[in-house]
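We call the chains A, B and C, going by the order they appear; numbering starts again at 1 in every chain.
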Amino acid sequence: MEVRSRTLGELAALVGGELRGDPGLPIRGIASLEDAGSGDLSFVTGPRHLRQAEASRASALVVPRDLDLPGRPVIRVDQPYAAVVTLLHAFHPEPAPTPGIHPTAVVAASARVAPDAAVLALAVVGADSTVDSRAVLHPHVVVGERCRVGEGSVLHAHVVLRGNVEVGRGVVIHAGSVLGADGFGYVFDGARHVKIPQVGRVVVEDDAEIGANVTIDRATMGDTVIGRGTKIDNLVQIGHNTVVGSDTIIVAQAGISGSCRIGNRVVIGGQVGVADHAAIGDGAQVGSQSGVHGHVPPGAAVLGYPAMPVAEARRAMAAQAHLPELLRTVRVLKRRVAELERRLGEGGR
Amino acid sequence: MEVRSRTLGELAALVGGELRGDPGLPIRGIASLEDAGSGDLSFVTGPRHLRQAEASRASALVVPRDLDLPGRPVIRVDQPYAAVVTLLHAFHPEPAPTPGIHPTAVVAASARVAPDAAVLALAVVGADSTVDSRAVLHPHVVVGERCRVGEGSVLHAHVVLRGNVEVGRGVVIHAGSVLGADGFGYVFDGARHVKIPQVGRVVVEDDAEIGANVTIDRATMGDTVIGRGTKIDNLVQIGHNTVVGSDTIIVAQAGISGSCRIGNRVVIGGQVGVADHAAIGDGAQVGSQSGVHGHVPPGAAVLGYPAMPVAEARRAMAAQAHLPELLRTVRVLKRRVAELERRLGEGGR
Amino acid sequence: MEVRSRTLGELAALVGGELRGDPGLPIRGIASLEDAGSGDLSFVTGPRHLRQAEASRASALVVPRDLDLPGRPVIRVDQPYAAVVTLLHAFHPEPAPTPGIHPTAVVAASARVAPDAAVLALAVVGADSTVDSRAVLHPHVVVGERCRVGEGSVLHAHVVLRGNVEVGRGVVIHAGSVLGADGFGYVFDGARHVKIPQVGRVVVEDDAEIGANVTIDRATMGDTVIGRGTKIDNLVQIGHNTVVGSDTIIVAQAGISGSCRIGNRVVIGGQVGVADHAAIGDGAQVGSQSGVHGHVPPGAAVLGYPAMPVAEARRAMAAQAHLPELLRTVRVLKRRVAELERRLGEGGR
């Protein structure tokens, strides 16, 4: 939805950049180097994209201060990525939905919905729940009982907060995610698995973002917590009573079991598994598809199953391909050593 | 929602425990050792939590018969976990939803809904389906055509039974799960993948529990079956025609392919993959993130990719870190053996 | 729902097969060899099922031209699987839902819905979206703004197209899948993760089929593409800007990261992970639970983490179990070589 075209000069001013080229050049959108055509502004984040930039059909480019593209109109900036974020917002403004409660929504009498919040078609808000100012519940969202959706938070279509879930301010939850389902807790009484009632909460702190079809279980007792500014990708599982710190990244299909402690600014790769009661320190990085048990120290980078320091894991992985050859070599060596021992007059072992 | 406070004496009687301490002590809730404060009852399941128990600010504790906490009010019981389950139910009664069909629900004329079942806001019940006594369909549940939801079963928000799905008694299905989508079956005709119509059913037996955003595919022909009392965690995939036995545990994000036979009281760890037509015997255990092909004998414990006996797998994993060093050692040995052979007057190999 | 019984002669004619047996034999349904009973037609796809066929209680069998089952009524055909597809469709016709917009559906004034499309109970169609002829939106489907659902495509219950999603003709999307959620793109500005607006689209080409609870993210800019005839299983994740070719198979719980290029007629196994910017050539096969980084050449078959040629991977996996023993062998060899060196009058190294 490019709403209207702008001039290169306007855009340079918008991002506080230095313009080299015609300020009146009309620009109708932002595109990648590959996809850009005439009328598009594209961008280069570093010298390694220089050749691709030269080949691009973009009408103009956002470039780092220290980069030159002779003969091409450019906007030079300190932080190309930040400038692109600004430009994307300018060209693709997110229209805020009309505030109010859609006539097809079902809102409990005891629920409190701020007058400038938007509860869209067929959304449900349960008893004793609160939807704060400028929050948006997209179609088919189900907010259970005793929940809070904080100021300006957006719940996309089909999100479910089952009950006793607290969502802070400026949170985004993508479609189909389920927060507050029962944790997976049973005791085997000798005959069958007896369910441990799951009576705790889920708390999502301010500015967190949660992907699509994610599941975050309520605590058995106490809280499952997603920290401030943490970003969770699609199809991730977070178990009961797990506490995730701030500004942490959890990539798609990772699974964090119950009662884990994940620090701040941690990066957990795609399809990683983290076992019950594991602890991952601040700033640690876990490579994709790894399996973490026990403790990962702050700042560590680990990989593999079981996860080990990444350099060690890479060496072990590289060595693994040589394993069949190694088996053969050792078999031959064994024969040669036995032969040497025989010739020196001893049977050896 | 602690509804009202109770006395320690009442609670001891409730769980049939032996009270040591003031029976009139008011208790307002149950909490973990860590989270408990004044007024809370907490619990110790074994001697390894003793130090934590001593440090806890809980007003009283449930403890095993043979454990003493001098100076602390305790309730001594045979099975602390079972007692906690009872106490959690007492403090957190699940209020049954009001029976009846919500005016916004859409129920086919040919569907049969028991008068004491609850079909909540915006739920859909398709033609020729049956919802039995005390069953609960939470908001936005879609029950397709020719389904049955058994007595007292609970389908949480957004659950989909696509059609021809039979759910037994006392089953719980958490939000967003999809039962009865087409199995993944195609034949390549040389030009394209031709879909094999999937015309079978899904059958979930009594007392099973299924997590959030799980997918269980209908059989091609015949039935996909989840056995009595089996517990399935979030984001699990169960393929077409697979039969899972009774009292089995399948942890989050595991994937069971089509036509598998999973026994009774099996435990399948998180993110495990089980290949088509595999068979896992009664009581077997599969470690997290393992890959199972073929056959796992009853009672076996396996781990790894491909899955092997767990002791063997752990030895192989431990050895793996030594692999780069081993490669170097063998290279050096090879040189030393060649030198020995040379000195003994032979070139050797 | 077997609607009515047919004669074996009718069925032989329907599949163009050669009948051996009584053409008047009544057949009431199709079943597997194992499940078939009297009145059922079953099938054998090759000689390895011969013994099972002899034991089957099926009244008649579809068999390959070159196979004989003396004394059993058979229909002999060139392609048994294709015949079974035809027969399943005959016995289990999918009744087309009644066209029109259900009174409980919420359709934006600016949306265009073909008169012979079916928008079922409680479905939502957003502004400026188009639903073409014979398309079906099952209950609770949410089609966002500026989407297109092509001719004859079927979106099962609870599917979400978030906005700017284009679905071609003859596409099937199973329940709970989310297309067009934001890609997972952030830049860390030193203090927090700043979101890169995701303003691109998702495009699903004709005849693709997408499983249940799948997530396919919109492109940052440009398009995320699922090619013509490609089949995606349940709980799969497709990242932003990834382009998947035609007639490709992606099995359950696989995760394809952002900006990948997946070719035509590729097969990606269950729980596979594909890293950002990876490329998989036409006709390549990736074994289940593998991890792909970088480039897989056309036609290659790879396995493992990191993925390597499948023969090599299998050898490495087989060798892995011998690793602990190998470590012991090498330790012993080292001692024996040192002893030999000592006896030859040198300390060695």
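Note that in this section contacts are C-beta pairs under 8 Å (C-beta built on N, C-alpha and C of every residue); 3 or more make two chains touch, one makes a residue touch a chain.
No experiment lies behind these values; they were computed from the predicted model shown.
J.: If I superpose chain A onto chain C using their CA atoms, what angle of rotation comes out, to the nearest 5 degrees?
T.: About 120 degrees, rounded to the nearest 5.
J.: Look at both sides of the chain A and chain B contact and report whether the same residue positions are involved, with over half shared, or different ones.
T.: Under half shared, hence different.
J.: Centroid of chain A to centroid of chain B, CA atoms only: how many Å?
T.: Their C-alpha centroids are separated by 25 Å.
J.: For chain C, give me the residues that contact two or more of the other chains.
T.: Answer for chain C, listing residues that touch two or more other chains: 104, 122, 140, 158, 176, 213, 235, 253, 271, 320, 323, 326, 330, 333, 337, 340, 344.
J.: Taking the touch rule as given, give the residues of chain B at its contact with chain C in the complex, in rising order.
T.: On the chain B side, the touching residues are 104, 106, 122, 124, 140, 142, 144, 146, 158, 160, 162, 176, 178, 181-182, 184, 186-187, 189, 192-197, 199, 213, 215, 217, 220-222, 235, 237, 239, 253, 255, 257, 271, 273, 275, 291, 305-306, 308, 312, 315-316, 318-320, 322-323, 326, 329-330, 332-333, 336-337, 340, 343-344.
J.: Touching chain B in the complex: which residues of chain C?
T.: 1, 30-32, 34-35, 79, 81-82, 84-85, 88-89, 91-92, 102, 104, 121-122, 138-140, 156-158, 172, 174-176, 207, 209, 211-213, 229, 231, 233-235, 247, 249, 251-253, 270-271, 288-289, 317, 320-321, 323-324, 326-327, 330, 333-334, 337, 340-341, 344, 348-349
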